[in-house]
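One structure below.
Letters are used for the chains, namely A, B, C, D, E and F, taken in the order the chains are written, and counting of residues starts over at 1 for each.
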Amino acid sequence: MSAKTLTQADLASLVGDLVAAGTRVVAPSRTGVGPLQHLDYREIKKADEMTLDAGLPKRSIKELFFPPTEVLFRWKQKKNDFELQEVETKFQKTVVIGARPCDAAAPEIVDRLMNWDYKDELWNGRREATTIVALACDGQDKSCFCTAVGLGPDSTKGADVLLVPVKGGYHAEILTAKGEALVKDFGKRFGEAKSADEAGKFRETARAKVEGNLKVDPKPIRTWLDGHFEDKYWGEIALRCHGCGACASVCPTCHCFDIVDEPEGIYEGARRRNWDTCQTGKFTLHGSGHNPRGTQNMRFRQRVTHKFAIYPRKFEEILCTGCGRCARACPGGMDLLEILSDIGQMAGGAA
Amino acid sequence: MSRIGVFVCHCGENIGRTVDCAAVAQACGELPGVVHSIDYKYMCSDPGQALVKQAVAEHKLDGVVVAACSPHMHEKTFRKTVANAGINRFLCEMANVREHCSWIHEDREEATQKAIDLTRFIVEKIKHNVPLEPIKIPVTRRALVIGGGIAGIQAALDIADGGCEVVLVEKEPSIGGHMSQLSETFPTLDCSQCILTPRMVEVYQHPRIKLMAYAEVDKVEGYIGNFTVTVRQKARGVNASLCNGCGECQKVCPNKKIASEFDAGLGKRPAIYVPFPQAVPNIPVIDRANCALYKGRARNAKKDACKKCEEVCGRKAIDFDQQDTFLTEKVGAIVVATGYQLYNIKKEQDKEAISGYGEYGYGTIPDVIDGLQFERLASASGPTGGKILRPSDGKEPKTVVFLQCIGSRDPAKGIDYCSKICCMYIAKHTMLYHHKVHGGQAIVFFMDIRAGGKGYDEFTRRAIEENDALYVRGRVSKMYRDGDVIKVLGFDTLSGEPMHIDADMVVLATAMRPQPGIESLAQKLSVSYDRFGFINEAHPKLRPVETNTAGVYVAGACQAPRDIPDAVAMASATASKILGLFSASELEREPLVAQVDQGTCAGCFHCVRVCPYGAVEHFEVKDRKGNLIKTVAQVNKGVCQGCGTCQANCPSKSVELQGFTDQQIFAAINAF
Amino acid sequence: MEKETASGESENTSASAHHGHAEESFRSEVRQAIGLNPAKCYQCGKCSAGCPMASEMTLMPHEMIRLVQLDRRDRLMQDESMWLCLTCETCTARCPNGFDPARMLDGLREMSLRAHGENAPRRIQAFHSSFLDQIRSHGRVFEFGLVFAYKMRSGALFDDVLNAPGMYFRGKLKLTPHTIDGVDDVRRIFDACMAEEER
Amino acid sequence: MKIGYFPGCSLDFSAKEFDTSLQAVATSAGMELEEIKDWACCGATSGHATNHLLSIALPARTLALAEEQELERVVAPCAACYSRLATARHEMAEDKKLFSKVTGILKRDFTNSVQVMNIAELLRDNLPAIKEKVTHPLKDLKVACYYGCLLVRPPKVTGFDDTEDPSSMEEVCRAAGATPVKWNKRLDCCGGGFSLSRTGSVIRLGKEILEDAQAAGAQAVVVACPMCHSNLDLRQKAIAEQTAKPLEMPILFITQLVGLAMGISEQILGLNRHFVSAQPIIAKATVKALPAAREEA
Amino acid sequence: MAAKTSTDKASFKPRIAAFVCNWCTYTGADLAGTSRLQMAPNVRIIRLPCTGRIDPLFIIKAFERGADGVIVSGCHPADCHYTSGNYHARRRFAVARDVFGFMGIDPKRITFSWVSASEGGKWAEVVNDTTARVQELGPFSAYREMEARV
Amino acid sequence: MQALQELARKLLTDKTANVVIGWGQGPRGPRPIFVTQPEHADRLIFDTRCVHNLATYLNPRRAHLVPFVKKAVVVKPCDARAVAGLIRETQVKREDVVLIGMRCGGVVRDSDMDGKLTEATVSPRCMDCPDREPKLADHLMGEEASAPPKGKGPDMIAKLDAMSPAERWEFWQKELERCVRCHACREVCPMCFCDRCIADKSMPQWIESSPHPRGNLSWQMTRVMHMAGRCVGCGECTRACPVDIPLGLILRKMTQTVEERFGYRVSDDPTVPAPMGAYRLDDKQEFIL
């Protein structure tokens, strides 16, 4: 589609314009002071709250569409009657600025699931209201492997606009109708595209940097996974896994949830949808006390298999964007790159 | 869905005046699960209870909430009512809208709102109540009495006469306690030994009493109806089954200069001795600290120094190598009757707070004695043969000063309480003194005369009016020895005159304190004690001889200062309680005890550490083949008293106290 | 029963204004000012029994406390006994109930002075004021000046004259005062304490 | 360690011998005394008999000065000064309101952290050092140790020795080679602050004390307070007027006694400043330097 | 704004939950009732057998449910019906108080007290003092607003 | 390091242990490894980047490690305190573990850093750790260690203590808002060994499971209460938290309280009883009316 230029100053003004127009603006932003500083995607009111040059935020943008907890409906009891109160499924217009490509791609992958048998109104409502302005990445660190799952530091998947850093600002690729609309609404902030070459160089450099981290082919991996459900590899690799689920919490594509009825007092309450993860023992625990995934080996196998075999089989998408957050977050030193590489080798050997 | 009935009581005007009872009934009627809600003038009256019964039947209630007075008042009443109506009594609870609401508030609107809230809490709580059945425990119909003073003797005899077996444990070589040391007893002036000795003999001969003198309780395990007690029989050095009490050994013992405990240090005894001639059992013990043979052995002497007693004993009863033995006794109830000791005015005291009396010379003046020593001086069987002679030089004291409240009522010296018996025995002493020393002057420094007992005040008046005792109201500031006399610097607060007296002898009415070691005994028994070490009764008025631990009772001066009639009355009371307990072969207990969910218990055993009763045990969960799966906690229902400390300390909430389960409390808070 | 309580209470509030009820009683004033509860004394007389000055007092220590308990301010404040206390602390050290008679007499004397102290024996009062004046003006007590000032105030001009030369010759009397550097500091403390006590 | 020194008004002059003897003994036994600079009077009886706040604030100033000098402990040889300092410290520690009131008045940074010691406590705590320096033990000298009131009373303020049966002074006298007698009036009051204003009482009380000491066989009375000293020494003449025969009881400061045993000169100890001469008993008590051999042992 | 706060404060009726032991404080509160001691109507008692049974979670839950203040009360040391439940509670709440305070819950909102069965008067004082203190602090709306932010 | 490897080889060869749990090199610095073959013993390493508390793997809830039965574990002093805690609370039998103790002078904040220990890199948990060697260990290795560098920056506890309750509330709300209730803090904690955590109990559900600030606050306060007198100060919860909530602050505050009030410091002596569940008659009670 088309391309534009967005200077640093214009980007700042754009934030102001959007806020003034009543649009919610979300961007990587720092909170806290000193050692307790956190970089997260969060709502900003002013451009200077935005931090675009500090790398990948700790948590992914998944929670913008699928919050850690959300109310599905509320109830009130009087005598034996229950009164239900629905929740709003229309959401405030939102622009995400500075989403990393590995984050931007994730909602599009999860869209498949959210619109498969049941169309999830809350997810879709938020998706519709949101425009994603992605920012091309220069490669975070050695745990990045987006290129191994078919994406890249400059991937446009899931993005409405992709910004590529160039001198003095950004080279902006307008990718979707939503992106076009944004440019149209705030045309005075976008200039003529003039740095396509410089942007191209940036993208190449970044891609080369990430590609070195992991080179595997997802296809034989999927084949190997399908054939090695009971492999002893799982027993060895998962010994150090605590089953804490930190990986799932930071993962942009993990989307399991639990539905709970949470009374507020006794006579009223809410049904909520909360994040859950297949990594804890409770996840598959039956009421009978039986647990089909009784050990951590089985749980960890589930995570890998789901992402690289089950989901692809059903939706032709790998449920992973290669952001590397799971490797960074794991307190036990589990590393998905290492595992994919191992499997890749085993698959190669088998083939 | 629950079917709960709410019954709001007006208590005449008591609740109705400030609480709109109809509004409470109406508001509670709106609550989910409540199928019946009414108010009534007097819910505890017969017609009121009939209303409850009728409603249970009519509305098939599975929970009854009575909003009325304190549950301490009528919970039993209403639980009985619902039981009569055919549902489990633990499905009935009370909301306290009288003591905690109508009586303490004036604003009708506020009070009504509060009454609704309080009732709602209980309605929500009761939704989680479950039927509970009383716990049945078998009873060993045998009692242990600890202490062989007059209280212990009386308790043992009463229980044994009632047909049950008794084990009586006394730590001294003979039973009899302090009463055996007394000369006469107030207010009748009977000879103490004359009334006590027959009872001691009765104990000895009773077929159902097992007497263990010179023995101490070592360990107590179990719970009401089922205690297992380990008793340490201390080594006498004399084989009790061979000894016939002839006394020859005592005659030949070369060391006869040991201060006699029985004579409160005023008389002497040999190293092998019975404490006094009428001792029961009449079997001597060897005082190993003073016996030449043991002293020699302690020094690793090559040859035993002296075996005179062994040589003279025709029955070969002397056994120098005897060791302490441990015996296990099964009993169903325990009486603590360990009695008292007297406050020691010396500086070295056993408790930090208790300091001794420097102003009276810290016990360094030989003619300053305590009440028990005076008893021995006055006793016909005492070291002076009943003559009042002062210890230092054996002279007859012409002026004797008696000081009351020494230690007692003296927080500065560490004791706040009144020792209760001193007023009476000092009056007795002045009489005995007056009778024995002609022309002698008894002067009593007192603060108040406390003579509340049958014939007591008449007795003290007689001491003053007819026995010439001079009562001076005031405390003595200082005493010191000055040549032959003791200077006593006191003050008469009635006349405002200083009283500087040259006394020949001074008798101190020192405070009664519990026996040393009572705390460790109390800990073994899991009974509580106050800061002075006196055993706490379960209720000061209504349960005066029970303790907080079911099956353990208390009699005599180990509970508080007591005179003989009090001690005897308490002892008989414990006997009647115990005979009542033993009247059935099983006993029922409230089922409000803790229960462990062994599925979720992680076996950290925090519960074991906090349980005041040792009621939580380890339990091994095994699979069908007998392989150990895990070790978890298990509550012994017989021992648990239902405090719930285990539950609060359980990290995974795997233990639940029946009647106060997390579900119940959570519901009540959630209804807030 | 309830009715009585209710009406009794309302009367109480009005009554207290007239009769100076519990709130303003002498014993509560003492309790307030000295910080000791006079009711702690149970009149055992041990203080009086040990008091070295008891033989010279008309009111014994325990009697003075009793008068406080009875709100008998005048009877107590007219008597000089409180001024005969040597503050030797014997009473306090031996009080069985943890009361502090010596501190209480200190406080009563202070209260007496504030009410012009008519009961203070002239000599004793003279001594105390001379002594404090010395501190106030020099920061320390200048003994010769003290004796001189005291004699002027008490009128006991010729007592002890015999000893003065003896003291002088043994080097025991200094004739010139030493004033400390921080005397202003001391004066400020005096003023502040006087003002505080007035409140 | 340095010990703060608060001489108090009496030691500043009328009881100068207490000061000089203490300084001499301290130096000999290796105690480092540092006088509190610009100290003021403690207020004595007149202070606390008339204005409670003043009776706390005056000693508090001194304690604050000691803190400023970074002293952790202060010795007040005069029993009355000691009592005032210790009482002020105790009351401020117990009563936070009073403490803040006083700090407000002082206008100084003050934490009330200085410990207060009396002379008996100081000497007792340094007995090993003192014993080492005793060269002229006062053999055969029977002394009556007189504590008076404020050294050990009230217990919650003093607390270094038993209130009713103290022993610290006796221990010190024994270290000096003297023999303490047992007597009854060692804790009785001498009349303290009534020396000038109620001399009659002082004479009555002094007589009882001295007679008891004499009856117990004492050759001298040892004191630890300048007021006790003046009441028993200065007033002895008047006391003697009421007794059958003259008492002639020398009154010695405890530091003078220790000083004698250390062989410090009578001039420095100020023995000549007393009304009742100590010469006869000093002469009698075989004062001899110990053979050097002992030091080796 | 200031005016609004002050009227709020005046009309604010604190809601206070009291967790008390059955043997001492509950009975003491009964005694206050029998003695007709008038007290603030803001406290709602929940009866437990012993302070040993009281879990810090009860306090948290009470705040969650809208309590503005909490009272925890039981037997004086050495008076525990179960001999030592109160000693365990004392340790538990010594820590809980610090932890809760550290997390921002004003310790002034929580009263811990020993009230014996004979101290009806003390119970009334505890109730009145706590009510007055919480009245002064205002509603604990911070706790209630937490959930609204989700 | 060589000594460590040799010992591990010996333990595995003579079957004293079926597994040696220690550290080995991973993609992001050292990480836990499980050596079961003597010939793999040379994979073991130890340096200042070995931050993980391996005692966690002794926790009986790690079902997949239970079959090893006899385990040898390499422990730092803080890890040894955790082992002692597990023994004290009957989760581990002393005879079932072989403890290879490493002398320790502190570790860096994260295993991914270079191992240089400075004021800026030292892990906050090491700052007030008094132990230089694990006394509980069966074998003690490594060089004599000196005290870790004092960390830089403000003492957050003192800073928070100085705030008003409202300010503290604000601070923690900001932090807890981030919590997603993954319970990683619990899962990695060596002392959290309940089969069914109270947070997972549903009848009644004391602690709301939803990640909203109310449930999050209840959870953290309750967790800290459960750690009272038990927390070994290894800092694993803080390290594991995927959203970087400074959980260690609350635990350190609690630890201070326990030490001040009860004079108790968690040690690696399993025979010393824990402070909660015990009492002294004269425990301070100035906060009780």
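The working rule: a residue touches a chain if its C-beta (ideal position, glycine included) is under 8 Å from a C-beta of that chain, and two chains touch if they have at least 3 such contacts.
Model, not experiment: these values are computed from the prediction.
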Inset, instruction - Could you name all chains that are in contact with chain C and with chain E at the same time? - result: B
Legend entry - Dominant chain pairing [most C-beta pairs in contact]: C-D
Inset, instruction - Averaging each chain's C-alpha atoms to get its centre, pick out the one most distant from chain F. - result: C
Legend entry - Chain located farthest away, centre of chain E as origin (C-alpha): D
Legend entry - Distance from chain D to chain C - Cα centre to Cα centre, in angstrom: 25
Inset, instruction - Can you check how far apart chain A and chain E are, centre to centre, with Cα atoms defining each centre and the answer in Å? - result: 46
Inset, instruction - Can you check how far apart chain B and chain C are, centre to centre, with Cα atoms defining each centre and the answer in Å? - result: 48
Inset, instruction - Determine the centre-to-centre distance between chain A and chain C, using the mean Cα coordinates as centres, and give it in whole Å. - result: 83
Inset, instruction - Name the residues of chain F that each touch 2 or more other chains. - result: 206, 210, 212, 276-278
Legend entry - Shared-contact residues (touching 2 or more other chains) in chain D: 163-164
Inset, instruction - Mark out which residues of chain A touch at least two other chains, giving numbers and ranges. - result: 69, 265
Legend entry - Residue ranges of chain D in contact with chain C within the complex: 9-10, 12-16, 38-41, 43-55, 57-58, 61, 83, 95, 101, 105-107, 148-150, 153-155, 163-164, 187-189, 191-194, 196-199, 201, 205, 234, 272-275
Legend entry - For the chain F and chain B complex, residues of the former touching the latter: 89-91, 193-198, 201, 203-204, 206, 226, 273-274, 276-278
Inset, instruction - Within their complex, state which residues of chain C touch chain B. - result: 42-51, 54-55, 60, 62-63, 90, 94-98
Inset, instruction - Show which residues of chain D lie in contact with chain B when the two form their complex. - result: 162-165, 184
Legend entry - Residues on chain C engaged by chain D in the complex (per definition of touch): 34-35, 52-53, 56, 84-90, 92-93, 100, 102, 106-107, 109-110, 113, 121, 123-124, 126-129, 131-132, 134-135, 139-143, 147, 150, 154, 159-160, 163, 166-167, 170-174, 178, 180-183, 185-186, 188-190, 192-194, 196-197
